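Each chain gets a letter, A, B and C, in the order it is written, and its residues are counted from 1.
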Amino acid sequence: MDAAEDDWDAPVTVAPIPDLAREELLTIDIDGWEGPLDLLLDLARAQKVDLLSISITELVQQYLDFIENARALRLELAADYLVMAAWLAYLKSSLLLPSDPAQEPSPEELALRLQLRLQRLDAMREAGARLMARDRLGRDVFLCGAPEGLHVGKSAEWTCTLFDLLSAYGRVKARTAPVLHQVSRRPVWSLEQAVARLSLMIGDVPDWRDLAVFLPQMSDADYARSALASTFTAALELARTGRLELAQDGAFAPILVRPMP
Amino acid sequence: MSLPDHLRALEAVLFAADTPMTREAIAAYLGDDIDLRAALSDLQAQYAGHGIELVERAGRWHFQTAPDLAHLLRRESSEPRKLSRAAVETLAIIAYQQPVSRAEIEAIRGVQVAKGTLDVLMEAGWIKPAGRREVPGRPVIYAVTPAFFSHFGLASRRDLPGLSELRAAGLLDPIDLALEALESQALEAVAPDTDMDNRGGDDD
Amino acid sequence: MSLPDHLRALEAVLFAADTPMTREAIAAYLGDDIDLRAALSDLQAQYAGHGIELVERAGRWHFQTAPDLAHLLRRESSEPRKLSRAAVETLAIIAYQQPVSRAEIEAIRGVQVAKGTLDVLMEAGWIKPAGRREVPGRPVIYAVTPAFFSHFGLASRRDLPGLSELRAAGLLDPIDLALEALESQALEAVAPDTDMDNRGGDDD
């Protein structure tokens, strides 16, 4: 076990023990943790070895203190640390309130789930450390340094691993499809789409209608803006080709359209 | 000091091989009229107490130096590339809980598996994609390779350090299962002889 | 059967060495307080009659297989050869997008595919012609074989990871790719349009 601990490159050599002074807590590098669960595990381990008998409210408080201090120091915290903080604060208040039988799952169950998660992560961390501490080939034990080899013949036996195959495909795809990436990052409602939609929807009803009603519903703001631009251009295009009429009462007033009879 | 012919042949083949060999691969050289199982075990016994030993790793056999001589042989150049902590945890999860998908690894670690973590482990030859999980999205699942067992000196999965303890403690089970187990334990402790029908309603 | 410590150490050092060793080189590992001359001769005697023997050649020591067993080690007459990068890419494209013609592979790779590349893959038994495309010129189309699936440990094409999974595993890294693309452009600029068929599988 000692060897395992040594090999383990845990960045947290200073476990934040509950009664440590806050200033000492602050010296801990936030980059040392692999996410909020990892940080929680370190806090919990400092509390007790048996993760199922730790005090969750105490743990929550330690975590919240830690986040508070990090913020006071203007350390930049990744969003998931803050999400965890919000969730833990909620959990803590639910645990302190009189229990509400209607609440499902109960705060006690949520707390227990958290403990079980910590326990599982801890088990895997430990297992990883024990693996790394084994007698490893090429470090502790060695194969024959100069094997004579068994194959002497002429016919080629082609070798290729699945990894080679998959990375080759990844290489090809990424090499040949760079344009696709840009398109997917900035969705654009094309002029062709806008013309098609507008000419379909305008139909034959000879009433004046606000151009805005022809806009597709979109939640993405950039996408909606592009739809606005292309729909406007499409209206001009259709007016130019004599398929609809445009009218506007004044600057910035709604643009009205109706099909040409 | 002389060895019987079939052990000499086995010894030479294993010594000359540049990778660990399965029994089938060995048989391709030695023919089928040798009881390989017995021969391997005899040869292994021959080498007991030597500076070289014959070991089995995931069904593959090879000679290697004895672990207690590591201090003599270790050179600066022989230190393998240090794995990141994320890679170590990911490897442990795959080894102990295989086959697992990326999402399952992330659920245990509570963080996304960074780009490159699985890549590093695959490049080392320790993990490989092992089909897909038959659930929505059909995610790829990963498992460890024979090279993993050779590298870490494990005869089989059962040799994984602490595996039986982890299994007995339910630490390899999903959280939902563990939760149910704990709840039923607690209920039995609190109310050992309540009527079963009433209990059914409570622990829903 | 156990050996004395100094012989165990000597045995391990000689086994792990990648070249024959002089007595001085051995002493650098074992220290000076061992009578190496005697130890080497003891160890040599130990291995007399084994399938491996300890030999001295021009003042350097190493283990080798016994000469009378050489016929055993030469049984199989195939040598492993690594597929060229072009061949691996071609194989990957066929696996993912089969059936495809040579022209289609070229369109996807963005580089010409030498005929030798397809020949190598057919020789390996991983691809086969799978009819012709009913378009002008009726080009031959290719598909992967059952041997392909068993070699790569895949149950079916559905086991191949999708693009999003490749990306998540870090196999679609744009920086590496940009560099590689530059390199291959540079290579192609140096050797522009040599006769592709002559270049065979080695168009790396």
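One rule holds in what follows: a contact is a pair of C-beta atoms (placed from the backbone, for glycine too) under 8 Å apart; a residue touches a chain by one contact, two chains touch by 3 or more.
Since this is a predicted model, take the numbers as computed values, not measurements.
*Asks:* Taking each chain's centre as the mean of its CA atoms, which one is farthest from the centre of chain C?
*Replies:* A
*Asks:* Using CA atoms only, can you tell me which chain is the most central one in this structure?
*Replies:* Taking the mean of all protein C-alpha atoms as reference, the closest chain is B.
*Asks:* Counting only Cα atoms for the centres, state how far chain A is from chain B in Å.
*Replies:* A distance of 30 Å separates the two centres.
*Asks:* Averaging only over C-alpha atoms, locate the centres of chain B and chain C and give their separation in whole Å.
*Replies:* One centre to the other, that is 24 Å.
*Asks:* How many angstrom lie between the centres of chain A and chain C, each centre taken as the mean Cα position?
*Replies:* 37
*Asks:* Residue numbers in chain B touching 2 or more other chains?
*Replies:* 13, 15-16, 29, 63, 65-66, 73, 122, 128-129
*Asks:* Touching at least two other chains at once: which residues of chain A meet that condition?
*Replies:* Correct list: 142-144, 148, 150, 161-162, 166.
*Asks:* For a test of understanding, state which residues of chain C touch chain A in their complex under the given definition.
*Replies:* Counting only chain C, the residues touching chain A are 12, 15-19, 62-65, 73-83, 85, 87-89, 91-93, 95-96, 108-110, 120, 123-124, 126, 151-154, 160-161, 163, 166-167, 169, 171-174, 177, 180-181.
*Asks:* Going by the contact rule set out above, which residues of chain C touch chain B in the complex?
*Replies:* 1-3, 7-13, 15-16, 29-30, 45-46, 48-52, 63, 65-66, 69, 72-73, 75-76, 153-155, 158-159, 161, 165, 167-171, 173
*Asks:* For a test of understanding, state which residues of chain A touch chain C in their complex under the given definition.
*Replies:* 142-146, 148, 150-162, 164-176, 178, 181
*Asks:* For chain A, which residues count as touching chain B in their complex?
*Replies:* 8-11, 34-38, 80, 109, 112-113, 116-117, 119-121, 123-132, 134-144, 147-150, 161-163, 166
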